[in-house]
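Pasting a structure below so you can have a look.
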Amino acid sequence: MQDTPLTNLAWLLIAIPLASAAVLLVGGRRTNAWGHWLGVVAAAAAALLGIGILIEMLGLPEAERIHDLHLFSWIPAGDLSVDAGLLVDPLSMTFVLLITFVGALIHVYSVAYMEHDENRRRFFAYLNLFVAAMLVLVLADSYALLFVGWEGVGLASYLLIGFWNQRTEYAVAAKKAFVMNRVGDMGMLIAMMLMFASIGAVDFETVFAAAEGTNEGILTATGLMLVLAACGKSAQFPLQAWLGDAMAGPTPVSALIHAATMVTAGVYLIVRSAPVFEGAPTAQLVAAIIGAITLLFGAIVGCAKDDIKKTLAASTMSQIGYMVLAAGLGPIGYAFAIFHLVTHGFFKAGMFLGAGSVMHGMGDEVNMRRFGALRRSMQITWITFGAGWLAILGIPPFSGFWSKDKIIEAAFVGEGWQPWVFGPIALLGAGITAFYMSRLFFMTFHGKARWKESEDSANESDKDLPVQHPHESPLLMTVPMIVLAVGSVALGGLLAIGDTFTHWLEPVTGHVEHHDPVIAIPVLIGATIAIVLAGAFIAWRQYAASAVPVTPPEGSVLTRAARVDLYQDAVNEAVFATPGARVTEVLTEADTTVVDGAARGLGSGAVGLGTWWGRLQTGFVRSYASIMVVGVVLAVVVVLATRV
Amino acid sequence: MTNPYVPLLVMGLLAFVMGLAGLLSSAVIGPKRYNKIKVDAYECGIQPSPHAASGRFPVKYYIVAMTFIIFDIEVVFLYPWAVAFTELATFGLIAMIAFLLLITVPFVYEWRRGGLDWD
Amino acid sequence: MTLVHYLVLSGILFSIGAVTVLVRRNALVAFMGVELMLNAANLMLVTFARMHGDLHGQVIAFFVMVVAAAEVVIGLAIIVSIHRTRGSASLDDANLLKN
Amino acid sequence: MTFVPPSIDWAALAPIVIVLGAAVVGVLIEAFVKDAVRRMVQVILAVVALGAALVTVAWRWTVVQAQGPAELVGGAIVEDTPALMAQGVVLICAFLGMLVIADRVGGEDGFTPVAAGAPGSTYEAQARRLGLVQTEVYPLVLFSVGGMLVFPAASDLLTLFIALEVLSLPLYLLAGLARRRRLLSQEASLKYFLLGAFSSAFFLMGLALLYGYSGSVRFADLAAAVPAMVGMDVVLLAGVVLVLVGLLFKVGAVPFHSWVPDVYQGSPTSITGFMAACTKIAAFAALVRFLYAVVPGLTWDLSPLLWTIAILTMIVGTVLAIVQTDIKRMLAYSSVAHAGFVLLGVIALTSSGISSVMFYLLVYGVATVGAFGLVTLVRERDAEGNVTGEATRVEQWAGLGRRHPVLAVCFTLFLLSFAGIPLTAGFVGKFTVFAAAVEGGAWPLVVIAVLASAAAAFFYVRMIVLMFFTDPDQDAGSTVVRTEGTTAIAVAVCAVATVVLGVVPTPILSLTSEATKFML
C-alpha cells in the first residue's frame, strides 16, 4: 500500500469551510470587511485539497483507491457502535470535486451578487456551512454520519432559502422546504433502524457485506425507505413541491444547493446504497418509476412557468428525474447517473448564475415575459447561458449530450415492458426539455424587447412597458459563469471519450458489461437529436420569431395545469386535507403560517387529533382524576387479560 | 377458581361500578342547578363567610392543627419504641433522639416565625 | 377465613375513596377521599401482616400514617390559600389552566 | 427474638445526608437568620450542598467501581452504579436548576413575597413593599432533591414510597409560589397536590397487594416470589400495575399525564424547569430499577401494557404539543412526548436500554433546565412600559431572534435538541434509545417513535421560524430582562453541554454504559 499523505488529510476538506463558517458567525460584525473573502478562500482551499487528493488517487492502482479513514468513535451504544469515519473513494471524490469546485466559483460570484446586502458576511458563513455539511454527507462512511450531513445540508439550505427573511413568503418557503425534507429524513431514519435491526450495523462496509445474505423483504423495505429519503432531498415525486418555492432564496444559493449539489444527494444515496438495491429489485423499480414520473412532471411544469428561476427549478427536478431513473436501472445506470449529475452540476449552475446575472441587470425582475432581446446588452451572459442551453438540450458535442444520451440508451436496455416504458419517456422528456429550455432562452435573449430604455421613447405600443437599463454584470460574476460555460461545453466530451469516467467509478460501481438497447444505438442517437431539434424549433417559432405577449395567454388545459405545478398543491390538499375540512379550520387558527403540501397533511392530521384529545384536558381536576382511574382500570384489565 | 382473593377483586370492582353508576345516573338523570351555596362548605347553617381575602379567615386554627400533627407523628413512633425499649437498646435510643431532634426543627421554625403567638 | 373479610372491606373503602375524589366538588371532601384510600391500604397492610404473621405490614402502616399526616398539612395549606383567594374551595372553580 | 441493629455506612449515604442535612439546616436558618442576609445564606448553602453532594457521588462512583455494589441501612437502600449515575444526573440538573431558581431576574425574586397572603390583598402588597422574600423555597428544593436521591436507590417498596412523598410534597408547595399569575400558580399547586396524592394512594395499594402476595416489600424477596404464582397471580399483577401507575404518574406518561401541562404552565418557571428535569430523571431511574429488579419474570405480562402506554405517550404528547399556543404548555407536552421516547429504552429491558435511558435523561434534563431558564427572561410589558410577567404566549416570541440573537440561538439549540436534529445531544439520545429498543425487539415502537419525532419537529421548527423569520407583533411586545448572572451561567452550561454531548458523546456514553455494570 502506497503512502497517501493527502488522503489522510481528507478531514480538512470538512474542517476548513467549517472553521471559516465558525469564524464568520462568531466574529460578528468585526469580520464584515473581509468575511466574504475568507469564505471564498476556504472554499477554494477545500477545492485545491480535493484536487490534490484526486491526483494522489490517480497515482494509485485501481484496487487501492478506496480509503476508509477512522476519525473517532462516535456513539458506542451497546452492540451498536457508530464510528465517525470518512470514506474516500472515486465516487465520493467525484462529489468532493463537484462541490468544492462549483462551490468555490459560486462563492466568487456571490461576492459581487450580494455586494449590497448588509448581511453578506452571514450569507458566506451559511454557504461555508453548507459546503462543510455537504462534504460530510458525501464523505461519510456510515449512514449515521451521512445523516448528520443530510440534516446539515437541510439546515443550511433552510437558512439560505430564508436568508432574505424580511418577506413572509420567503420564510414560508423555507419552512416548507424544511418540513418536506423531514418527511424524507423519516425515511432515512427508518431505513437506518431497519438496517440495524436486520444487520446490526449502519456503516457502509458491514451493511453492504451483509446485504447479500439478508432477507429480500427487509432489503426491499430498506430500499423503499432510502428512496423516500432520496425523494425528499432531491425533490422527486411526490415530495417535489418544495423546490419551486425554494427559489425564493438568493440566486447563488439556487445555483449551488438547488441545482448542483444538495438536490443530487438523493442520487448519491441510491448509487452509494447499490448493494442494498441489488437485493431489492422492487425498490429499484420504484426508484426508476419515480424518476420517470418526475422527469416528465418537471418538464411539463417547466413549459408553462414564466418565472425564469422557477423554470430552471422545474428543469432541475426533471434532470434529477433522469438521474434517479438511471440509478433505478441498476448497475448499468449508476455511472451514467453520476456522470449526468456532474455535467448537470456544471451547466445548470452556469445557467442559474446566468439567470442571476439577468436579474441583476434587470432590477430583480424574474418574469420572462418582461425580458427579450437581452443578447445585445448582456453578451457574456448570453454566450455562457447559450453554452448551458446547448448542453442541457444534448446537442453534440456539448456536455449534456454525452451524459443524457447514455441515460436514454440505458433506459432502452432490459427485458419485458420496462425498456418500452422508460425509454420512450426518457426520449419524450428530452424533447420537452428542448422546448422549454429553448423557450426560456429565446424569451430572455431573443425576440423583441418587452421593456424600454427610457420613459420618452414615445412609441405608442411601448406605453405600458417597464423602464429597464440592462447591463452586463461585473467581472466577479461573469468569470465564474465563463468557467462553468467552458465546463458545459467540454467536460462531457472529455470524460466520456474512452469511457474515462465509467472506468474511474468502477472501483465503486463495479464493472458492467455493455448491454445492447432494444433499439439500435445510432437510431436512438438520431431520434434523440431529431426530437430535440423539433422541440427547439417549435420554441423558436413561438417565442423568437413571433411576438411574445406580455400577459400570459389563457393557454391549453395542460398549460394552465402546468402553471400551477400540475395542481400539486391542490392534489396534496385534496388527498390530505379535505377529508378533515373542519380540522383544517382549526389548523388555520392555530397556525396561520402553516406549511402546505404534505406538511399540511401531517400537520392537519396531528392538529385534529390534538384538538380532539385536547378536549379531554378540560382543566377540571376531577376529570383528570377520572382519566387516571380509567387508565388504572384499563391497565389492570389489559395486564390480566393478556397474562400468560 | 378457588382463589380466595377473587371475591376481593369482585367486591372492589362492584364497589367501583356502584360508585360510578351513582355518578353517571346523577349526571344523566339529575337536574343541574348548581349554585354557590350548593357547592360551598357547610358551616352549621350559617352562611359561609365569603371573600375572606382580607385576612379574616382564622388561619390560626390551621396552624394549631398543624402543630398538633407534629406531635401526633411523634407519638406514633414513640409508642412502639416504648414497647420494645429494652430490646432496641442503645441503637434505638440514639435513633429516637435523632428523630426527636429532627421533629423539633420545624417546631423551632414555627416558634421563631411567630406561629405560636396568638395575637 | 374471616381475615379475607378485612381485605374485602379494605377494597370497598379504597373504591369509595376513589369515587369520592371523582364525584365530590369540594376540595376538602375530595382530599378526604384520598385519605380514605390511604387508610384502606393501611387496613390491607395490617391484615396481610396478620395473615403472614409478619410485623412489617404494621410498621409500614405507621409510616403511611406519617406520610398521610404530612400530606394533610400540605394539602390543607394549599386548599386554605385557594379558599382565601377565591372564597370557595370548589375544585370546579379552579380551571383556568386547560387544553 | 433479638434485635440486630443495622450497620449504617455513613460514607455511602453521604450524598443523601448532605442534601437532606442542608435542608434541615436551611429550616433553622429560616428560624434564626435575619431577613436581610437570609436569602444570600440560603442560596450559598443550597448551591454548596448540591455541589458537595455531586462531588461525593463522583467519589462513591469510584468506590463502587473498585469494591462493587453494596446494600445500605439493612437493605433499604442500595449503592450501585445505576443509582449513582441517576443521582449524579439529578444533582447536575438540580444544580443548574438551582442557579435559575436563585436568580432575581429583572431585579425581583421569581416567588411570591408571602405565600400565605391572598393574591391582590393589601397584605400581599405590603409584603411586596417591604421587600419580603419567601426563602423557604431553598430548603424545600433541597428536601425534594433529597427524595430524588433516595428514589433511584430505594430497594424496597416502603423506601420507594417514602422517597416518592419526600420528593413530591415540597414540589406541591413550590408549584404554588409564583410571584405573578398567582391564581394560576395556586391552581397548579392544588391540581398537582390532589392528583399526586391520588396517584400515591394507588401506589400504596399496589404496595399493600405486593406485600400480601410475597410477605415482604424487599425487591429481592419480591423477585424471588414472582415465579411462585400459585393462584395468586391476580394479586401480584394488580399490585405491580398499581405500583407502576404511581411511577408512571411521576414520569408523566399517558394516561397519567393530565397534570403535566397544567402544573408546568402554572408553576413558577424556574421551578417548572427544575421539576420537569429532576423529577423525571429520578422517576425513570426508579421505574427502571423496579422493572429490572422485581419483575423480569413478568415481562410477558407487562409488555402489552408498557407498549400501549409508550405509544400513547409519544403520540398524545406530540400531537397536543402541536396545538399549544403557550410556550410553557408546549414544552410540557413535549416533555410528555419525551417520556414516551425514554419509555422505549425502559421497555428494551437490556443493559444498553439502561445506559441509553440515563443518557437520554441527562440530555433531556439539561435542555429542559436551559429552555425554562430562558423562558424566565422573556417578559411582557404593560401599557406604561413596565415589565410584568413572563411572555409565554408563543406569538410574543416573534422576532426575538433579531433583537436578542444570543438568547434566541440558545433557545433554538434546545429546541433542536428536543427535536433530535443531529449534532445536538438530542439526536444521540434518541439514537441510542431507539437502537436499544430495536435491540430489545421493539422495532414497531421505534417506527412510531420516528414518526412522532418527525411530527414533533413541526412545532419546534415553528417556534424557530417565529423567533427568526417573523416580524414582532407590536401589541404583544415582549422584552428581555437582565439576569443576576446565575441564569446566564446555567443556560450557557446547558447550551454547551447540548452541543458537546451531540458532537462528542463518547465519554459520557461510555460512562453510562458502565453504569449498568454493577447493578444489584
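Read from first to last, the chains carry the letters A, B, C and D; within each, the first residue is number 1.
Keep this in mind: a residue touches a chain if its C-beta (ideal position, glycine included) is under 8 Å from a C-beta of that chain, and two chains touch if they have at least 3 such contacts.
Protein names from UniProt, one per chain: B = NADH-quinone oxidoreductase subunit A; C = NADH-quinone oxidoreductase subunit K.
What you see is a predicted model, and the numbers here were worked out from it, not measured in a lab.
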Identity of the most central chain, Cα criterion: D
Length of the line joining the C-alpha centres of chain A and chain D, rounded to whole Å: 43
Cα-centroid distance, chain A relative to chain B, in whole angstrom: 67
Whole-Å separation of chain centres (CA-atom averages), chain C against chain D: 25
Separation of mean Cα positions, chain C and chain B [Å, integer]: 8
Residues of chain B whose C-beta touches two or more other chains: 5, 9, 16, 53, 59
Where chain C touches two or more other chains, by residue: 7, 14, 18, 21-23, 25, 30, 70, 77, 84-85, 91-92, 94-99
Multi-chain contact sites of chain A, meaning residues that touch two or more partners: 614, 617, 619, 621, 625
Pairs of chains, among all present, that meet the touch criterion: A-C, A-D, B-C, B-D, C-D
Contact set on chain D toward chain B in their complex: 1-3, 5, 24, 27-28, 30-32, 116, 118, 120-123, 231-232, 234-235, 238
Touch list for chain C against partner chain A, complex: 18, 21-23, 25, 30, 91-92, 94-99
Residue ranges of chain C in contact with chain D within the complex: 7, 10, 14, 17-18, 21, 27, 30-31, 34, 37-38, 40-42, 44-45, 47-49, 51-52, 54, 56-57, 60, 63-64, 67, 70-71, 74-75, 77-79, 81-82, 84-86, 91, 94-99
Chain A residues touching chain C - in the complex, by the definition given at the top: 614-615, 617-622, 625-626, 629
In the complex, chain D residues that touch chain A: 190-191, 194-195, 198-199, 202, 233-234, 237-238, 240-242, 244-245, 249, 254-256, 258-259, 261-262, 300-302, 304-305, 308-309, 315-316, 318-323, 325, 350-352, 355-356, 421-423, 428, 431-432, 434-436, 438-439, 443, 446-447, 450-451, 454-455, 457-458, 461-462, 465, 468-470, 504-506, 509-510, 513
